[in-house]
Amino acid sequence: MTTIDSARLAGMFAAIAAAVSADRDRLCALDGIIGDADHGIAMDLGFSAARDAVAALDAAATDPTTLLNTAAKSFLNAVGASSGPLYATAFMRGAAAVKGKTTLDDADAVAMFQAMAKGIQDRGKAEPGEKTMMDAWAPAAQAAGEALASGKGLADSLGAAVQAAKAGAEATKAMIAAKGRASRLGERSLGHMDPGAASAVTVIEAMRVALTG
Amino acid sequence: MTTIDSARLAGMFAAIAAAVSADRDRLCALDGIIGDADHGIAMDLGFSAARDAVAALDAAATDPTTLLNTAAKSFLNAVGASSGPLYATAFMRGAAAVKGKTTLDDADAVAMFQAMAKGIQDRGKAEPGEKTMMDAWAPAAQAAGEALASGKGLADSLGAAVQAAKAGAEATKAMIAAKGRASRLGERSLGHMDPGAASAVTVIEAMRVALTG
Amino acid sequence: MQTKKIINDGNRAVDEMLEGILAAHPRHLKSIDGSSRSIIARDGPRQGKVGLVIGGGSGHEPSFLGFVGKGLADAAAIGNVFASPPPDPILECAKAVSGGAGVLFMYGNYAGDVMNFDMAAEMADMDDIEVRTVLSTDDVASAPRDQRHKRRGVAGNFFIFKAAGAACDRMLSFDECERIAGKANDHTFTMGVALSPCSLPQTRRPNFEIGPDEMEIGMGIHGEPGIARGKLKTADEITDEMLDRILDEMAPARGDKVAVLVNSLGSTPLMELYIMNRRVKRRLDDIGVSIHATWVGNYCTSLEMAGASITLHRLDGELQTMLDHPCDCAMFRAG
Amino acid sequence: MQTKKIINDGNRAVDEMLEGILAAHPRHLKSIDGSSRSIIARDGPRQGKVGLVIGGGSGHEPSFLGFVGKGLADAAAIGNVFASPPPDPILECAKAVSGGAGVLFMYGNYAGDVMNFDMAAEMADMDDIEVRTVLSTDDVASAPRDQRHKRRGVAGNFFIFKAAGAACDRMLSFDECERIAGKANDHTFTMGVALSPCSLPQTRRPNFEIGPDEMEIGMGIHGEPGIARGKLKTADEITDEMLDRILDEMAPARGDKVAVLVNSLGSTPLMELYIMNRRVKRRLDDIGVSIHATWVGNYCTSLEMAGASITLHRLDGELQTMLDHPCDCAMFRAG
């Protein structure tokens, strides 16, 4: 059983920021094909800002909720765009899901993770199959929940989430976009992975490593 | 002894137009290095217009002076630029030099040729060595005059003019431009042939062929 | 190799640009202390007037901040390059221009902008500022006719914002301003064509690939793919292809009046735009549609992208009054 | 492979552009019957006023015809791309705008323009129209300081024509108009930098070559080579390099006032121009020079060339009055 405190969560943002930054050019290139070529920039900017904002907090004196809300706000203000409200809402919902806790156990962490996916869903109103980051986040959240329910620990649960996110992102190639910028392309969006789904895999994998590694 | 009538002069403009048109891209490229890359366009446009204007005349009812003035005017109005006034003045001076004649003998033709060079000189005020078309026209006019004075016919006189023009154009490579667009380059104009001198060779060679061929 | 740009640091480009804009236009524009991405008209916002807040990503200059000024928008919220501004600067704009008569949010219909402006509207509501939103959806290439509400807002913003700004400046009611803004959008139709990509200051890599003899019809102003890729055609053919679609939708009758905008996406020069405009005029003459006014130039760009768009704005008496209403902005004056 | 352009026939591009311009700006511009390359202001030329005729090659739009209108130039004679107009259209302009008080010819100092305008002036003289000529020579990169009269006229034309147009519009005497035009030129200093070439519509081939990481400082507006080729630098470094030369020549004192123009050569977008303007403002602030007004955008272009120029126009009371004098042109309004 892992125990996650605010310092660990701050480390999680540092890990995501590093992963997304390394992935920046690929994400921009994916977005260039069916969008406006800036998704890597937005994610890089957003997670760098979130990392810096939470690093500036005194982790010992900050509860996970405050930390996640701080990350949300700084991500949003640094980015705007689509990713801004989506990830900001994700973290705000994650924050609400762990309200009152000072540390998170496996179930708390999975609850936070699922709340994040729900936040993205509520903010963007994308249904599965519309070729958005939801197509990675929704199956990932479901897989994590099922793994935990079947008695798995956080490492395995988030491992399942990564696998599901990967499959979900892969599946966006066969979808016609119905939300976001790519939705105007019609059939021309076919065959290309959605950049937001691609970055979701990177984010979730970084979360897995940071929270369970 | 050649006898040149207005029809022959009209043919001369057709010949120059064809030669300059074939040379257009090289002249633009030369002008691109030390000028604004349009010299081939200007020469092509100007001589096409001159060719069309004189072709529209009834050659039998038109004296050489009128024909040359028509060419001058149409060249000028089609082109503007530097080449426009320079070549228009050349042909107007050529026209004045053969005023009253209905056909031109060798001496008339050389007089016309020399008047053209003088016209360019008067209009552009370029001295030899300033890296302009004068550096081809001036030695060409002088060579033609000397050849005629030494008893040569028109073919040899214009042949000498072509040789002198070529040498003159070649010599512009070693000059620093002091007139025209290239004069702002200073030493950076060194090593490159002046486009106006290069086109002068083409024009003079086409005149030689058309008037003596 | 990175594309060439006259910039310092790609990440600072937007803020440095804003500093340069405020330096150039102190009589027209100011920013809000502590919210440098909120640009407010010095003259315009006032008590009792509906406030007009526009905005969107950077990289479309003179959109959006060039249209901030008396008679047009009261404020613009500025995002990163091709990215909606976040809610905070939008909210600050709303607060700064609210005259107690309501605030209109107007921007192009993009998922990112909708989410951020909606969040800002909710926050404004908590501050007792009533916000209504009118999205521009003028890009006929971006969704079928029966899904007009899904379309993107592009260069037609110019006419749509102009009409709304005039309505606000004439102190019309919130309802009327909203109605006129919506009507202006309904009357505005744009098509674009792109010839070469642009590159974001942060990456300095072309944002899409296109063959040396190709064009993309219907491309979005962020380089989003359009309707079709094809061989580059002549100006008349390109203009016809765009006009055919626009006219088909607008379905003008003989005697109708329009305003025309021929807009460069960035690096297509005035010479080419005016050659297109020549064809527009001939086509409209042919069908008996009269041109009330024409604008040609850089109005809604995509950095240095090559390409152009054509917008027709169908006028009735009311929209003509709004179009003719004077405005005085940092980068645009009319009337 | 030819460069991409939205044109029909390269040889017809200028005339088709003019047709499109007249179609767009019927309230401002007209052409002369039988001389379609002579564009006249509908409002402006009048009896007793010194007429102002400007002109030059095409490809620099909105120069020159964008500056034809009440309060600025009365007419523009239009040449082929990067080629002076021939004497005939210049003469027609002079005739059309002559109000009996003399006609001023103003244009950039290029051999071709000088020859053609001088021929037109001689022809006007035969028609009893007195013509005087004031050349613009603002490009500090194009000749050493002691040979100012040999320099090219570039984007600074904007200020120089503006001052002369105001003097004419204020019905000053021929002597005064000529003096003010000359003084405006003496007070105007421009430097440019080019990043990529343009191509002529007739050839559609790049008019010069430049490496993917190079820039050319001091390049002319027709792609004529400049002072030096170097590696592309940052916006601040480039701006400094240009300003250093300009300020060195202008030698402003603390408290002096200037007007600023940051001009795109074609495809350099507003974002980059404003980033440069930010630096201009900082530098001028540092030396205590105040900025009376700033223009940023496309004023004197080279088709789609990438690059920019900076112009400073040093004001005294008289030049400030001229600059502030209202003008209403097809592509430019002020005052």
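Residue numbering begins at 1 within each chain, and the chains themselves are lettered A, B, C and D in the order written.
Simple rule for what comes next: contacts are C-beta pairs under 8 Å (C-beta built on N, C-alpha and C of every residue); 3 or more make two chains touch, one makes a residue touch a chain.
Bear in mind the structure is a predicted one, so any value in this text is a computation, not a measurement.
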| item | value |
| --- | --- |
| Where chain B and chain D are represented by their mean Cα positions, the distance between them in whole Å | 32 |
| Whole-Å gap between the CA centroids of chain C and chain D | 29 |
| Distance from chain D to chain A - Cα centre to Cα centre, in angstrom | 54 |
| Distance between chain centroids, defined by C-alpha means - chain A, chain B (Å) | 74 |
| Chain A: positions in contact with at least two other chains | none |
| Residue list for chain C, restricted to those that touch at least two other chains | none |
| Arrangement of touching chains [line / ring / star / complete / other] | line |
| All pairs of touching chains, each written as two labels joined by a dash | A-C, B-D, C-D |
| Chain B-facing residues of chain D, complex | 11, 57, 79-88, 110-112, 115-116, 119, 141-143, 150-152, 200, 202-203, 205, 207-208, 220, 222-225 |
| Chain D residues within the chain C interface of the complex | 1, 4-8, 13-14, 16-21, 23-25, 58-59, 61-62, 193, 195-196, 201, 212-213, 215, 232, 234-236, 238, 260, 262, 266-281, 291, 294-298, 301, 303-304, 306, 308, 331, 333 |
| Parts of chain B lying in touch with chain D, wherever the complex brings them together | 25, 28, 32-38, 40-42, 45, 76-86, 123-124, 179-185, 188 |
